[in-house]
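Heads up: the structure comes next, in structure tokens.
Letters A, B, C and D name the chains as they come in the text, with residue numbers starting at 1 for each one.
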């Protein structure tokens, strides 16, 4: 098939699907319902394929029956036959609809949750140890020597300054740096105090600190909201361009060639 | 006297569908307005442009494209900007996906579009085998990038492609790849991605060759530490990154002025100079998708801010009325 | 799987691929497991809980041991364990096999999800409920997608000339059909749904960003600062103004060439946004993360040790 | 010297945390006294929301996010069990939309259990718990369709949500549903705050089951978590103080990273080992004293134990050389 014609067919499908799904912004109509069910059907069909192709085949089947290099016949990976036990354990989940043996479905669930639970203990320090250490910011000017990418007031990358100039520059702004580090530590502590559940807060200072924590959290959430906006708007702009610019161009391209 | 609803009160109860319509119009209309907004490119973008413009002409650039339709809004602009620069400089490149089997279809469409554009401008198209090699997809980013780092010829060896006369030959014999012995021979290794494949690339490839990244706005913050540590030599992030690249393509960065003095156009590294793309190939498109989208983006944000302001004024007025009543 | 790495040796647990020994072992293991399963159906109520908990505990124990047992220092690929290191070595070797087990088990469970879909939609068709035509569409799409998906996979993986299929000119109708459904429809629908969020951002911001309380005001303020800092044109103008002011005020270090080095830089829009991000957002959310991490740790412990009461293990 | 990857400090602190949690669970289980939990407004709203759904005769829709089966989804299902219990008493219809087959299995069982325990198994509809799709945006499309068609009176969005959070929240808002939402995903909480009536922030989500059920084990665990938070806060304050002090002092001893001290050893290491020995350094005297750097403080050393080049010298017996490849054959 001619690539341009095929592209036009594909784009047309995409445009129709986009319009169909967008119609829900106006109202939930039969049009939306149609595309919703097409979407769900295709997604389910793809999941069935994907599941075997990306998970069960490479992670389970190939491990179980091993791998041999097709050209040289050399052993790539031995057959770990014990992988077969995943099959009966997985099958136990299907007892969930049985009244008598329904409890067995908890076995695979238990294994999955157990693995997850064990990992939590294992990774806790890896995840949070560094963050705790990173919070212990000293009240001194850390300047440009701070950890990469974080607490730098001015970026050496785009200044064109020599190291001496930067050092000089830092000596001039050091109070703001120390203050910033202090703000950092206080923010962490205030926000943490908001998440104390089992202590009754007494005294104006404590209640105030707790409230400060909540406000700071809100500032944080606002910042996330604000910075996510670019990625999201980029997508809608692109959709509009897809429908109104590219599709139209593609039609033109095919017809121009035909003419 | 029946209480007359003021305009502000009506705005308070505005149907959300009207808001949606306004947004749709606000982002669509600017797509046809050719405004070139001023911008100060990020230093990451300036470095990326500088790196791309200084790739020696006899080197092949490796492009790893790991994005699909759902993040087209940002990633397609990145890939287009990247390929425009390479095509204008007649730099050969090899392109492939390291993680997603669906990614090749998307970058093929981009190349197809760029070639159509070049033909329309009377420029020679970029041809498979001669000018670039499309390798399709490799599965499993971890394994692929490891092999690329260790022995790129072994990984690419089995792939075949039609040469200019239509014969199927191993891609390693092509003009694009015949001079690549190891990954260090690459002029630049650019990862265009919407996912964490850039982390894998940094682990496996940085240090072996120059690595650059073009990522979506969501992934971009995780690239910055690599940029600061020098593992990534340049990076473009999000929609702003697309516009940065296009802006730099049109204006260059710190070009030498006719007087011979380096003009700091943007606060950039003094040693980083690269001319605008149009000086190399006059008919090149520089402003494209990023420019169109950037104005729409501004319109959307301005609309959002207006909506918030109007909402607040309305609330204030209503409160005042209620208090007055 | 890292290519070029030396293949692991043939052992009792890892046998020669395709050999008779492999199939015998697989079949025997399967039969034993099924027999155990059959035996479990006779288990009295009291024992059931213990069995489930036993499996849960075993699952968690591996990672806990991995965490607490010393990791062998600087282990080379051909090292044998010194006395006392055997267990540490064994754990390290077992890790790659355990890592994916949760994924494999979850994958086996997908059938239940598909069963739920079939149940709901076939039921709707059988009971002649409204919207049954849409249910039929769903089922047809599912079957067609799965069919072409497998056909495509088999051709690309095992078929003759599979390397060629990477290039579009060599495609067969199967590739076209799969690509049309996957890339032309499914992915486009993903993108369409994803992009709809922008509309919802607008309506949510319109309703929520009000100067109603301190909380909503600070939320709005920080969101606005961040949004403004994304507007390239505005930032360029604002920062240019700041530079001009620095020059006009004749501040130390202010010069046109080195636009960064003066105190007013702190009021550049992108710097203010960065400051909010680095010194308010990062620490506030870090504190939140500490809490969430502890919550997950506590919940993990309760699940692992069978202490969770209420909900699933009640 | 074998716990090089985390250092003894990490192990000890984690053990202390585990002890805090477990001992408080034990204490609460044995104790008689009702322990205090502060008010969490989002959870008080649950009953009101169901009450309203009952009045309006419209269903309650629950979504446990798109995460896989882990504590977050289990916790969401715990809260949903509570919701279902209340809804069952008023015979308000419920819908639970799930995006993961494993979560679906658990949800099916939990919900049936609730009806069974309430003695209302006849009100239980197997299809009220349904698997929608495991693909993020197909799930979003399906759930929004359901919310709109069923005209949900109340929605509970608790669990791991990603970009789709706002699609659910705004769709439900458009049909006038009361919404209680909560996610441990910090990136999505702001969208919930903007669009929903009640939001559980961060840890409040994990506190929910203790708050709703007041089961001693759960409350005790919550108290243990609070102890851990106090420990972290104290640690941060101490580290902050010592760091400030030490960083303003001068030192005359520097350290060389292992990559510089023993480059051939460094390059021979696997990536994995490298990450373990990143902090490995040897000491050298400096020409002139300077201020301490970040990695020369005692707090830094506590978190990143110092490993010298000598520590890496480990002699182990070697495996016999491998037989030539491709010989195959079972042994």
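Basically, a contact is a pair of C-beta atoms (placed from the backbone, for glycine too) under 8 Å apart; a residue touches a chain by one contact, two chains touch by 3 or more.
Since this is a predicted model, take the numbers as computed values, not measurements.
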### Task
Compare the CA centroid of subunit C with every other chain's and tell me the farthest one.
B
### Task
Would you identify the chain whose C-alpha centroid lies closest to the centroid of all protein C-alpha atoms displayed?
A
### Query
At what distance in angstrom does the C-alpha mean of subunit C lie from that of subunit A?
7
### Query
Cα centroid separation between subunit A and subunit B, in whole Å?
20
### Task
Determine the centre-to-centre distance between subunit C and subunit D, using the mean Cα coordinates as centres, and give it in whole Å.
13
### Task
State, to the nearest whole Å, the distance from the C-alpha centre of subunit B to the C-alpha centre of subunit C.
25
### Query
In subunit D, what residues contact two or more other chains?
11, 14, 17-18, 69, 71, 74, 102, 105-106, 109, 134-135, 137-138, 141, 163, 171, 186, 190-191, 193-194, 201-203, 207, 222, 225, 229, 232, 325, 328
### Query
Which subunit C residues touch at least two other chains?
1, 7, 9-11, 15-16, 19, 67, 102, 105-106, 109-114, 117, 168, 179, 182-183, 186, 188-191, 193-199, 201, 203, 205, 207, 209, 219-220, 223-224, 227, 230, 257-258, 260, 285, 288-291, 296-297, 299-301, 303, 312
### Summary
Multi-chain contacts in subunit A, i.e. residues touching at least two other chains, fall at 3, 14, 21, 24-25, 33, 35-36, 39-40, 42-44, 46-47, 74-75, 93, 96, 106, 108-109, 112-113, 116-117, 120-121, 124, 132, 135, 158-160, 185, 188-189, 192, 194-195, 217-218, 220-222, 224-225, 227-230, 232-233, 235-236, 238-239, 242
#### Entry: Residues of subunit A touching subunit D in the complex
21, 24, 28, 32-33, 35-36, 39-40, 42-44, 46-47, 72-75, 93, 96-97, 102, 105-106, 108-109, 112-113, 116-117, 120-121, 124-126, 129-130, 132-133, 135-140, 142, 145-147, 185, 188-189, 192-201, 217-218, 220-222, 224-225, 228, 232
### Of subunit B, residues touching subunit A in the complex
17, 20, 23-24, 27-28, 31, 42-44, 46-47, 69-74, 76, 109, 112, 116, 140, 216-218, 224-225, 227-229, 238-240, 264, 267-270, 289, 292-293, 296-297, 300-301, 304
### Query
Along subunit D, where are the residues that touch subunit C in the complex?
1-5, 11, 14, 17-18, 21-22, 25, 68-69, 71-72, 74-75, 77-78, 81, 98, 100-102, 104-106, 109-110, 113, 126-127, 129-131, 134-138, 140-141, 163-164, 166-167, 169-171, 173, 184, 186, 190-191, 193-195, 201-203, 205-207, 209, 213, 215, 217-218, 221-222, 224-225, 228-229, 232, 269-270, 273, 276-277, 311-312, 314, 316-319, 322, 325, 328-331
### Query
Residues of subunit B touching subunit C in their complex?
16, 19-20, 23-24, 27, 37-40, 68-70, 72-73, 102, 104-106, 108, 134-137, 140, 142-143, 146-147, 150-151, 154-155, 158-162, 168, 240, 243, 264, 267, 294, 297-298, 300-305, 307-308, 311-312, 315-316
#### Entry: Residue numbers on subunit C that touch subunit D, as the complex places them
6-7, 9-11, 15-16, 19, 21, 67-68, 70-82, 88, 102, 105-106, 109-114, 116-117, 119-120, 123, 186, 189-190, 193-194, 196-197, 200-201, 203-205, 207-209, 219, 223, 285, 288-292, 294-303, 305, 307-312, 314
